[in-house]
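When the chains are written out, they are named A, B, C and D in that same order, and each has its own residue count from 1.
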Amino acid sequence: MRALSPAEHLGELEDAVDDLLGRYEVADPAVRPGLWRALSEAGFTLLSIPERAGGSGGDLADAAAVLRRCGYAGVRLPLVETLLAAWLCEQVGRAVPEGMSACGVAEAGTATRLAWAGTAADCVLLVHTDGAYSVSPAATVTTAETTLAGEPVGTATAGPGTPTSVRAEELRLRGAVLRAAMLLGAAQRALDLAVQYSGERVQFGKPIRSFQAVGHLLAGCAGQVVATSVALDAALASLSDPGCEPERQEVAALVAVVEATQMAGRLAAATHQVHGAIGFTAEHPLHLSTTALWSWRDDYGNEFEWASRLARIATAHGRDAWDLLAD
Amino acid sequence: MRALSPAEHLGELEDAVDDLLGRYEVADPAVRPGLWRALSEAGFTLLSIPERAGGSGGDLADAAAVLRRCGYAGVRLPLVETLLAAWLCEQVGRAVPEGMSACGVAEAGTATRLAWAGTAADCVLLVHTDGAYSVSPAATVTTAETTLAGEPVGTATAGPGTPTSVRAEELRLRGAVLRAAMLLGAAQRALDLAVQYSGERVQFGKPIRSFQAVGHLLAGCAGQVVATSVALDAALASLSDPGCEPERQEVAALVAVVEATQMAGRLAAATHQVHGAIGFTAEHPLHLSTTALWSWRDDYGNEFEWASRLARIATAHGRDAWDLLAD
Amino acid sequence: MSAPMSLRGHRLADTASLRAEVREFVATELAERRWSARCDAWLLGWDPGFSQRLAARGWVGMAIPQEYGGRAAGALARFVVTEELLAAGAPVAAHWIADRQSAPQLLRFGTEQQRRLFLPEIAAGRMYTALGLSEPDSGSDLASVRTAATRVPGGWRVTGRKVWTSGAAHAHLLTALVRTTPLEPGAPRQAGLTQFIIDFDSPGVQVHPIRLINGEAHFAEVVLDDVFVADDRVLGTVGDGWRQVTAELAYERSGPERVLTTAPLLLAFLRDAARTGIAEPAALGRCLARLSTLRRITASVAVELAAGRTPELAAALAKDLGTRFEGEVAEVVRQCRTDPGGDEVNRLLREAILQSPGFTLRGGTTEILRGVIAKGMGLR
Amino acid sequence: MSAPMSLRGHRLADTASLRAEVREFVATELAERRWSARCDAWLLGWDPGFSQRLAARGWVGMAIPQEYGGRAAGALARFVVTEELLAAGAPVAAHWIADRQSAPQLLRFGTEQQRRLFLPEIAAGRMYTALGLSEPDSGSDLASVRTAATRVPGGWRVTGRKVWTSGAAHAHLLTALVRTTPLEPGAPRQAGLTQFIIDFDSPGVQVHPIRLINGEAHFAEVVLDDVFVADDRVLGTVGDGWRQVTAELAYERSGPERVLTTAPLLLAFLRDAARTGIAEPAALGRCLARLSTLRRITASVAVELAAGRTPELAAALAKDLGTRFEGEVAEVVRQCRTDPGGDEVNRLLREAILQSPGFTLRGGTTEILRGVIAKGMGLR
């Protein structure tokens, strides 16, 4: 049997995910528990977590491929959060939760605006107390409201747990990189919908895609999507490479997150513009993608924070920042 | 004889300036001395300076009308600097220079990158020493280089002179407002050239103005120009109103300067884009406008500084900033 | 290119005491917790009680002559009241279209009977109207009207569908653009259209709410199934509907509501920022400068309109700049906040983002507006 | 929409030692004050001495096989050398077009005699070429060629005018696109075009420099007045010129020179900023992220091209994003500097601003590129 190339392998994985997702009415919140079980049983929810730690093996590129296709389909499930929780547990040798999990940073014992807190079965917190970090399951969890994307957020508290060298910034950035994969999927879907609609919608006697302004707008969108895709691939490769210096990993991750979060706002605005009024209605699928783009981009810190952090690292290196910006 | 309305009066003034400028090959540096003499003899160089102080009377709107038309025509002369120098001298009761003058702030005795220093006959400095300000003619002046717009800049030094309550920020902001009038003129010219060219230039069988992208680009430019025009009128009215609180005057001036400096970069880029290669050549008149737009926007501080200052004033007022932002 | 340059600033200073009165009224309403500020309140904030309290202060129907129950206040006074209410995010939606569009139309085109019947009720903040312009698939091409009327004794029978009608669920009257002369091949599509005033209670009128991405339903589809409209409910002249509606678009393209939709967010942010500081001041400063400029432009346009002029090009410029500004506010707040922000900022931010796709749609898309501008500049 | 997504990152890490070598060479040159960094150095930095020193290190003609005097280095090695030289603002203009465009064309379409004659000289950094594509009024419409050739014994006689030919004042050879079959009404304009290699010393060739807004003259108009071109100077196939040139555009739309034109400014600013700080970090960070991404995209495109594929859509995307990035650098530096800036930053900033109108013009305007992208996405 011929070994698959990495690209072929990812392609097969994506097809398998699409196949599974195609069997669910993803937009309906009622399907979430069943969809989660199916994804979990297929081994799609704990990719990049080693099998010996209770995960499904594979690498970050595999995990990101699943996230991207789920983002494309409009899935609302704690996929990123569960991966983060598992990674955090694995780092400190705790048991990896099997089901849905929330995950975040607790400052002074409390994590607020925590995605899926109170809805996911588990909640793993990186607890920051007295300048030190530890990993701990949440003691109390409450759901407060829903996000723009229609996902629950809540509050969780925890005391100190297993000490760890993982810092808040590292966890947040890792979360943002995984989230970038979902953003990329959501953006690809929004763009596909806009391209399709621009061919169907006739105005002043011709399809709107033949208007230069519409064509150029969509071309600009394609550029944004490609930029995020390239930056994300590089970040995943960098984070997966144990030989890569932590600062290079951080820069590659920041680049991907800055591209993805910028893309999110632009794609949401442009695809709504192409769709006109119809895209503004709840019945049209566009909003499944655009509300995700608007909401997820702020999940672990916003694009301006990430960009500022990147600028500060680069400035500290002066001219030699050039070296950090691609390898 | 019927009294003229303010708008009619400004219209006549503008026509007179255009008439004078039309007699000179403005782009040729050799005409500058003669052009200055003609403008000066017509009383156009010291408008808004009271006649008793040696000026030509009139108000800031008159002065700005002259600056705007000179900016339109591509004039390179120290019109703004001379007005600033005259205003500064008038504030402290010094004799107003009759000819071209440079003007700026000397920190620690020296003013660098000072427009027209060494070329203008006079140079009046606002000298900042030991936390206090005074007005003093420059002792030594040297011309160092030319700006993007082809205007000389140099260095000047001065010791303490006549004490004044005018501070560096006030002088710079006043300079920037007057400069905004010239920027507006340069932008109007660049836009007129682009509109004209877009009708003459045929590509793929039709005038390029009939391409949606070109039409929309020019429409966007028109919006920028109108925004600056409206903001500048308001700033001039505010600065001319002795009953207006200084903070309101500062805000109105900042708004105009932020609009003008932002407009400058956008108009330069867009009008060059419309012109294509021809606008990139020294023989085409476009660069007279665009090099002015690029250069003048930074003359008294750049758009980001002004915008930051506006934000800080507004933030200090919280919600009530709403009140400051139009009256 | 000279026309849009002719705008001159109009000073608003003389209206300071009126502004203070409105502000005090708003503060009292907020203190009594009668409503919360909303972005896009002229669309989202439907509150008949508020409309009537406002009318009791004389702040509805300010453009209506006193003989029809209005205040005949000047254009600047009306502008100031509108600005203050929008900046506060006050719930002005119920009376909005009646006050802003139907009343001027009735004054220009209505019969004396129609004026006496409707205007006093509008000025009292009790009668609300909706506009029936867009149809399925018409998009920006408003002349593609397919809703048609046939002549019957004493009036007309109207059949067709109108979409994107805001306020249809609660309004009393629908002003609908209807084809009254069948379209002949080759004839201009703008001919043969007529405006009708249709009572929402008429037999044959059905309202189907359109749920938006924010989960709310401020727009509706209005189905007209053989609805009888009496001759005395024709608005203006039969066959002259296109011209009447086009005149109306000048109103729709120019007001402070094209600039201030997200002002409640910006002002709430400034209130918090006085305490928390700001991350990227230049971005905030540019946004504030543009707000100031747009306020001046919309004030100028209001004065021009009140003087009987139609600054169509300036109005289109104002709206092109204004609606983009409205969308930028949310991004600037996201960019400038240094912490997750107070609850009200977050609530308004979410509202601003969810409403943002609508900003550039209503009253002409960016494409259409820039087309108007390009045409006005002599480019087309 | 799948094609542009197929780009995968190519790791450049394996080329670290080559990168270090180039950087050391550049540092030595700068220490010896042989040149100063320039923005847009591949257009502005004409320095035959530098080209020859570079060639002596084996860094010219890296894509040329060894049998023709080249190094046959891999695409990534060449990419790395190019990146480092552009980032340093090194004066690479003299050999640029010969190395980047003429050599690949000679390898693809040239005769063995042409290859043996020209390629070793190009690889030695001694032979420079220019491209004759644009004509007066042709603008983005390259197929509107009016320069025409007539058959004569042993060759052709060419008459016409080419404009916007960079390096024409000093180059040795002009590769000109010429109409060799008169245009029949209704026939496609792309047919009947041929590429000729014309010696600038040929009788009848005149070069008129075009002075630009920066006062320099890097472009010229080339007038061809009954110039004889021998048959052995036809490049490729008679009548096949359009296809050959179009293939060339893929090279012209994709390289690091579409991204790094203003990198010397950005890097000089970062050097100063390490000391002075930055005013608006988010703006700088977005700019740096985009630089990183564009470096990866251009690397991928280089590898694809070297593998014989023509990622035309990806290349157009890279250039559309890249040229806009080049223009943004100047604005970001203006925005982020906290003081007037060091002398080198100011000099480079001025250069970047004055060159900026050219960034989106050359090798296809933004309009043309977005058209290519839209077409590639199936929109046209």
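Definition applied: a residue touches a chain if its C-beta (ideal position, glycine included) is under 8 Å from a C-beta of that chain, and two chains touch if they have at least 3 such contacts.
The shown structure was predicted, so the numbers you read here are calculated from the model rather than taken from an experiment.
Within the contact network of the assembly, the step distance from chain A to chain B comes to 1. More contacting C-beta pairs link the chains of B-C than the other of the two pairs B-D and B-C. For the pair chain A and chain C, the distance between C-alpha centroids works out to 39 Å.
Centroids built from CA atoms put chain D at 52 Å from chain C. Residues of chain C found to touch two or more other chains are 279-280, 282-283, 335, 367.
Shared interface positions of chain A, i.e. residues touching 2 or more other chains, are given as 211-213, 216, 303-304, 308.
Only residues 113, 148, 201-204, 211, 213, 265, 269, 272-273, 275-277, 279-283, 287, 290-291, 294, 298, 302-304, 308 of chain B touch chain D when the two sit together in their complex. Interface residues of chain D facing chain A in the complex, by the touch rule stated above, are 1, 4-5, 7-9, 11-13, 16, 87, 263, 267-268, 270-271, 273-274, 277-278, 281-286, 288-297, 299-300, 314, 317, 320-321, 336, 367, 369-371, 373-374, 377-380. For chain A in complex with chain D, the residues that touch the partner chain are 7, 188, 191-192, 195, 198-199, 209-210, 212, 215-216, 218-220, 222-223, 225-227, 229-231, 233-234, 237, 251-252, 254-255, 258-259, 262, 303-312, 314-319, 321-322, 325-327. Residue ranges of chain A in contact with chain B, taken from their complex: 211-213, 216.
Chain C meets chain D in the complex at residues 279-280, 282-283, 335.
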